[in-house]
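Below is one structure; the comments refer to it alone.
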Amino acid sequence: MTADNAIQIELTKTPITSDPLAARVADSGAGATVSFLGTVRDEHHGRAVDRLEYDAYGSMAQSEMRKIAETIRERWSVKRVVMVHRLGMLEIGEVSIGIALSLPHRVEAFDALRYAIDTFKETVPIWKREYFRDGESIWVEGS
Amino acid sequence: MTADNAIQIELTKTPITSDPLAARVADSGAGATVSFLGTVRDEHHGRAVDRLEYDAYGSMAQSEMRKIAETIRERWSVKRVVMVHRLGMLEIGEVSIGIALSLPHRVEAFDALRYAIDTFKETVPIWKREYFRDGESIWVEGS
Amino acid sequence: MKIEVLLFASLRDRAGSLSVAVDLSSPQTVAALRETIASDHPALAPGLAASRIAVDSEFRDDDYTIPAGAEVAVIPPVSGG
Amino acid sequence: MKIEVLLFASLRDRAGSLSVAVDLSSPQTVAALRETIASDHPALAPGLAASRIAVDSEFRDDDYTIPAGAEVAVIPPVSGG
């Protein structure tokens, strides 16, 4: 059902950069590539954040990520999709999640991308721990 | 009204790569970065395409691109935006347009990105000439 | 049936461990699992109520019967992305 | 008023040049410009009808009066992106 490299799923402890993401979904039949990067912000509800930690239920996270990729390929004319989430400790400005997908035409691109990130935030078992500047840290549950 | 580098507009004869685009809109207050890349497809309405040429009314193209950038910063909470269009001759798979923007939260990202590319295709005076494999070439007018 | 239940995020901190063992009597449903964890580990009860249960990496409703040897996990509301 | 009108895409090919010169009599509106180009350069008439007129890099309606020294261009439907 899926061509070589049509779906690429990764959990990684090393920094995510955007260029390889877009390049990894290149396809001669694709006229549009869209990508989403989530980056660590310096505040959360007005409270200064120093850094974040992400933990995952790895095997299930990868299986839920794959489901999202398969769904967007079934529902829209997505050619290729790459979905990467960072784990471990992240500094401000670092990329926590990267999603890129390629399609023949742009019209479906935005709905497919929005579905991917919205669904990711509901179903993929990954949790964020926020380390505030004031020294406290909390697990965030729900987004 | 606009911070340093909040709006970056370019017409370029050199290849566009995606990484610098996302990196160029990085902002410590931004939690989401989205990008759109348009790439040259190998066919148009079923007819094999060898390459494309883009020509622009340069000064006006830049002014219309700037208007789009200013509008998305006014209408949505866009922090930074970069908008680049390639001119001259392009091979299959090369990037013709790149738009990247950063925002505090993802919710507005997709509408802002869609508005930017849709409006670009209506208002920015740039024209595409398609060179078909059968030897013919035509200026495309309207998308 | 003995089950090792995987914990994550705040539940892991509350339990002070990566998992808890429960002895599940018949019927071996997700509902029964929830009740057993809550009574054996009261500190987990509030977080558990807000969590979903995954069996072999699939979210399962309360009436689902847990097969022997399954990998079971409590999934608090996720916050990745 | 003499105006050098910039051409692009297929209009440039049809004219065989990057621009055409027109001598615009009063009133110097965009509508008058359209009529003058079409009558002086009949080959441009069909493409012109489908095009917008830009004056000093702004799209302008037919009733707009073109100021002296303005940069004027015929903008066929665009196809960038």
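The chains carry the letters A, B, C and D, assigned in the order they are written, with residues numbered from 1 in each.
Methods note: contacts are C-beta pairs under 8 Å (C-beta built on N, C-alpha and C of every residue); 3 or more make two chains touch, one makes a residue touch a chain.
Please read all numbers here as calculations on a predicted model, not as lab measurements.
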Item to complete: Find out how few touching-chain steps suffice to connect chain B with chain D.
Response: 1
Worksheet item: Counting in whole Å, what is the centre-to-centre distance of chain C and chain D, each centre being its mean C-alpha position?
Response: 72
Fill in: Gap in Å, rounded to a whole number, between the CA centres of chain D and chain A
48
Practice prompt. Let me have the rounded angstrom distance from the C-alpha centre of chain A over to the C-alpha centre of chain B, please.
Written response: 23
Worksheet item: Among the residues of chain A, which are close enough to touch at least two other chains?
Response: 38, 117
Response to the item:
Residues of chain D that touch two or more other chains sit at none
Fill in: Set of all touching chain pairs, with the criterion as stated earlier
A-B, A-C, B-D
Practice prompt. Spell out the part of chain A that touches chain C in their complex, as residue ranges.
Written response: 38, 54-57, 59-61, 63-64, 85, 96-97, 117, 120-129, 139-143
Fill in: Interface residues, chain C side, partner chain A - complex
6, 8-10, 13, 47, 50, 54, 57, 59, 73, 75-81
Worksheet item: Considering the complex alone, what residue numbers of chain A touch chain B?
Response: 17-23, 26, 28-43, 92-93, 102, 104, 106, 109-111, 113-114, 117
